[in-house]
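Mind having a look at this structure? Questions to follow.
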Amino acid sequence: MSAVLPLGWAVLLPVLLLAVTWAVVAADVLAAGRAGGRPVPWTVAALTPAREALRLLVGQRRRAVGGDELLRGIGGAVLPLAALLAAVVLPLGLRPVADLGVGIVWFNAMEVFAWAAVWLVGWGSNSTLSLIGGYRFVAQGLAWELPHMFALITAAVGAQSLRVTDVVAAQQGLWFVVIMPVAFVAFLLSVAAMAFWGPFGAPVGRDVAGGAAAELGGVDRLVFVTGRWLLLVAAAAMAVPLFLGGGHGPWLPAWAWVLVKTLAVLAAVVALRHRLPTIRMERWTEFSLVVLTPATIAQALVVTLVALGEGGLR
Amino acid sequence: MNLQAFLVVAAALVSVGLFGALTQQSIVMVMMGLELLLNGVILAAAAFWYFLAPSGTEGQVLIVIVVTAMAIEMAAGFAVTTAIYRAKRIDMTDDATELRG
Amino acid sequence: MDLRNALLRAAAARPHVLVVGGVGTDRLRARVEQEIARRRWPVATAPADADVLVVVGRPGPELDPVIDGVWAAVPVPRSRAQITGEDEIASALEAAVRTLSDLTAQHALALRDGLPTAHTDTSPGEQDQHADGHDEQTGHDEHSGSHHHQEGGMELPGGLAMADLGEDRDGLVLDQLHVALGPVLPEWPSGLVVDVVLQGDVIQEARSRFLDLDLDDRDAPECLPDAARALDSAARVLALVGWDGPAARARGLRDALLFDRVDGSRVLEEVDDLRRRVRRSRLLRWMLRSAEAGRSEVLETLHDKLLSARCAVAGAGGAAPVAVDLPALDSRLVGAEFAAARLIVAVADPQPQPTLTRPADRGGAS
Amino acid sequence: MTTALFVVLAATAVVAGALVFRVDSMARATFLLLLSFLAVAGLVLMTGLQYVGLVIVLMMVIEMVVMAVFMIMYMMNPAGLMSMSMFHNTRGAAVIAAATFVALAGGALLVDWPVRGGSPAPDPTMALGESLMSGQMLTMMTLGVTLFATIVGTVVLATGRGRYDRLGDELDAPASDDRDRGGVGR
């Protein structure tokens, strides 16, 4: 058994991600209905993603006067691309599509493109509210990137490898979430922040009329929104190999465990959105830099000491 | 793909960056020129490592140093720009005449 | 052709609706919102996100061009509905959906080469009011950042204007943008426009006004009863802080009070439940807490609103909402960051009082 | 295949780098520079330096977004709606740049480079890490201290109101008088 999935999976990966995205969008509609006191039947919810996509597909694209069409288009397209490329190192089961030696750095480098994407969309729309949305994302990004990187580093230190499959293999006995809970929480928070989701939704908030996406219509909006969902799914799915033991588990085959765990993480992320209000930028920035970053550094230090104590570095 | 090709590309990047750094009026644009120049240095370092001394790690260490230097240059550049701007409301190198003495 | 028709019909099944109303249309707007929520249609955040533009009441001469501008920014397939009475709501919405799925009608509505045609401005005084934050689609002549008749603006190709410079709160001289907030913004009081000078997302100057205030021939403005108005405004605040569930609940309670003859005890129970959730949310407190500038006020006022709604439902006759006059609102907005400013406007929930707030120097505002 | 990839990446790097100084829009200039960096990162990846190549991608995306923010903050006409020339001393710079290119490229082509010594470590990333943590430890420590000094220095330079302005001369104010307070309440 080779360490990598056959090449055909590269085509299947987007399909898989979209399928999970579909389920998550439907779950979000259900949760929104429940939270708002107006429950939605699940049949309606299951159809909603398709209806919305169709609505945007037949919709007209919009141009912004004085806007930078090119940059906006690039920004919109980069978002789903970044999500798909980041997902390449995700083990589906025990094997990823591409088993890079520096998979964790690859994942990090790809999702960072969201910074450029959201800012470009906000800038290219040439609207004050869009630009405010773009800037909000950058401000948030500066706050979440450090705890996020330290969380990734902690998992890598625990496995003593930057290869995602090695990280999974290292969790055969004990899931990393047990020995690095702070890193796991920081990672989950940064997943939500990366996809400007829920409590971190200020870049596309209602107060700025949709923020970065305010001026997008038709296919442009579809690509942007889909990219955002894909990013959320891909990043949340990454929590499984990094902290939740990947495909390891009793009874079920590895792929089933990955699916179950991914859906569980996504359910938690969706619940987060419906339970919590949006966190304001200045609050989050200070909290992230003053509390979360030192906490993740301390977590990394503890894990490093444990790794050293268990027989030193290989 | 050989050492000479890499080095010529690196030389092109360095000279374009130099041209930008020398001609631009805005401090921020001057910094972009410097970044481009360092970009060429990175490429040359990678090429030297790969084609001349792949067994060592000096090439990689050099790239790490250059990347750090870029980050420092950016941070320092923006801090200086902010300080000058706060004091003088200018962001053009030509206007910062004190620097000329 | 059949396939395209079918696609249009399927796409029209869940239209996003943008509701626009002038001063004094709150009750009718609430009724429309209730009907939209009943059909589970989402409320659009911006013209770009909308399929159906619902105009509530009869817009006056100041609001009318704004609505035309918004309409020009709605992408095809689109439809526009005018609702002036409660009995028209259902039929108007159904007609809107029919238009949405009608291929020939949509062909006629399609924007020429993707750009809205420019509308002609009748007077410089009106021009400001198109700038509603989405204005770069409303015409060729405006830029969200700036109005080209503003002094200090440099003329740019395409009639866009360059931003001014001004000192920010950190002592740096940076670009300032002149933007008119409202009247078409999510969770925004009907008919209100605040002309602001924005630096980044910090408001440097603000001047608020109501559109179409001096219309004497308007029907007696329908005001919401106190409890419903408190809930309406609380729902806006909750939606602005991104807490959609409680916001929807507050809105549902408002509708229950206004239109459904339900027994008071159930509403009372739910209002109490909502109050408890709001009071207990530590994150909300963390976010709104501050020593300064109407921020802790936001939370207190939100509590007060829910409390007064409770009192009104219970028949105890809670205190009537304090009328906020526009100059006071302006002074509170200065120096606030954009998200904070939105909250300040939402909690202030200013109501037009023609005799009190009509500024003597209306012409000077623009 | 490799040659084609090399040519494409090299051309992208140089052309995007040159266009940085040709376009009017600051946002476009910044992201063209990013494109140039990404192309160079691609070339670095082609030499087998996976870790370093990806770190360049990671750093440069963040750096360029931050740069764009500053560009727009300080430049007039950031969107490039009005074309304006921002060059000075073009001729002299062109001569210097051309001379530099001729000297460097000529040197690259004419020097008799030594033959390749040794082969890459099986895992260059591991080699880099081991080297930084042993032989090159001094480099790593110097970088760390320099970065820390930069953080302190740039904050001091750029900040308008320091903690003495916010918390009083004795730093004994119970809370700062900031208009917008952070999440920890300092």
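For this structure, a couple of remarks:
So that you can tell them apart, the chains are marked A, B, C and D in the order they are listed, and the count of residues begins at 1 in each.
Definition applied: a residue touches a chain if its C-beta (ideal position, glycine included) is under 8 Å from a C-beta of that chain, and two chains touch if they have at least 3 such contacts.
Predicted, not measured: the structure shown is a model, and the values here were computed from it.
Comparing per-chain C-alpha centres with the mean over every protein C-alpha atom, the closest match is chain A. Between A-D and B-D, more contacting C-beta pairs join the chains of B-D. Taking each chain's centre as the mean of its C-alpha atoms, subunit C lies 43 Å from subunit D. If each chain is reduced to the centroid of its CA atoms, subunit A and subunit D end up 26 Å from each other. Mean C-alpha positions place subunit B and subunit D at a centre distance of 7 Å. Distance between chain centres (mean CA atoms), subunit B to subunit C: 48 Å.
Residue positions of subunit A touching 2 or more other chains, listed in rising order: 66, 126, 135, 282-283. Counting partner chains per residue, subunit B shows two or more touched chains at residues 82, 85-86.
Each of residues 51, 55, 66, 81, 160, 180-181, 183 in subunit D touches at least two other chains. Residues 2-3, 6, 10, 13-14, 17-18, 20-21, 29-30, 33, 36-37, 40, 43-44, 46-49, 51-52, 55-56, 59, 63, 66-67, 70-71, 74-75, 86-90, 92-94, 96-98, 100-101, 104-105, 108-109, 113-114, 116-121, 124, 127-128, 130-132, 135-136, 139, 143, 146-147, 150-151, 153-155, 157-158, 160 of subunit D are the ones that touch subunit B when the two sit in their complex. For subunit D in complex with subunit A, the residues that touch the partner chain are 25, 27-28, 31, 34, 50-51, 54-55, 57-58, 61-62, 64-66, 68-69, 72, 79, 81, 123, 125, 180-184, 186. Residue ranges of subunit A in contact with subunit D, taken from their complex: 66, 68, 70-71, 74, 100-102, 105-106, 108-109, 112-113, 115-116, 119-120, 123-124, 126, 135, 138, 141-142, 145, 162, 282-288, 290-291. On subunit B, the positions that touch subunit D within their shared complex are 1, 3-20, 22-29, 31-33, 35-36, 39, 42-43, 46-47, 49-57, 59-61, 63-65, 67-68, 70-72, 74-76, 78-83, 85-86, 91, 94. Taken in their complex, subunit A has these residues touching subunit C: 32-38, 40, 44, 48, 51-52, 54-55, 57-67, 126-129, 132, 135-136, 199, 201-202, 205-210, 213-218, 221, 274, 276-283.
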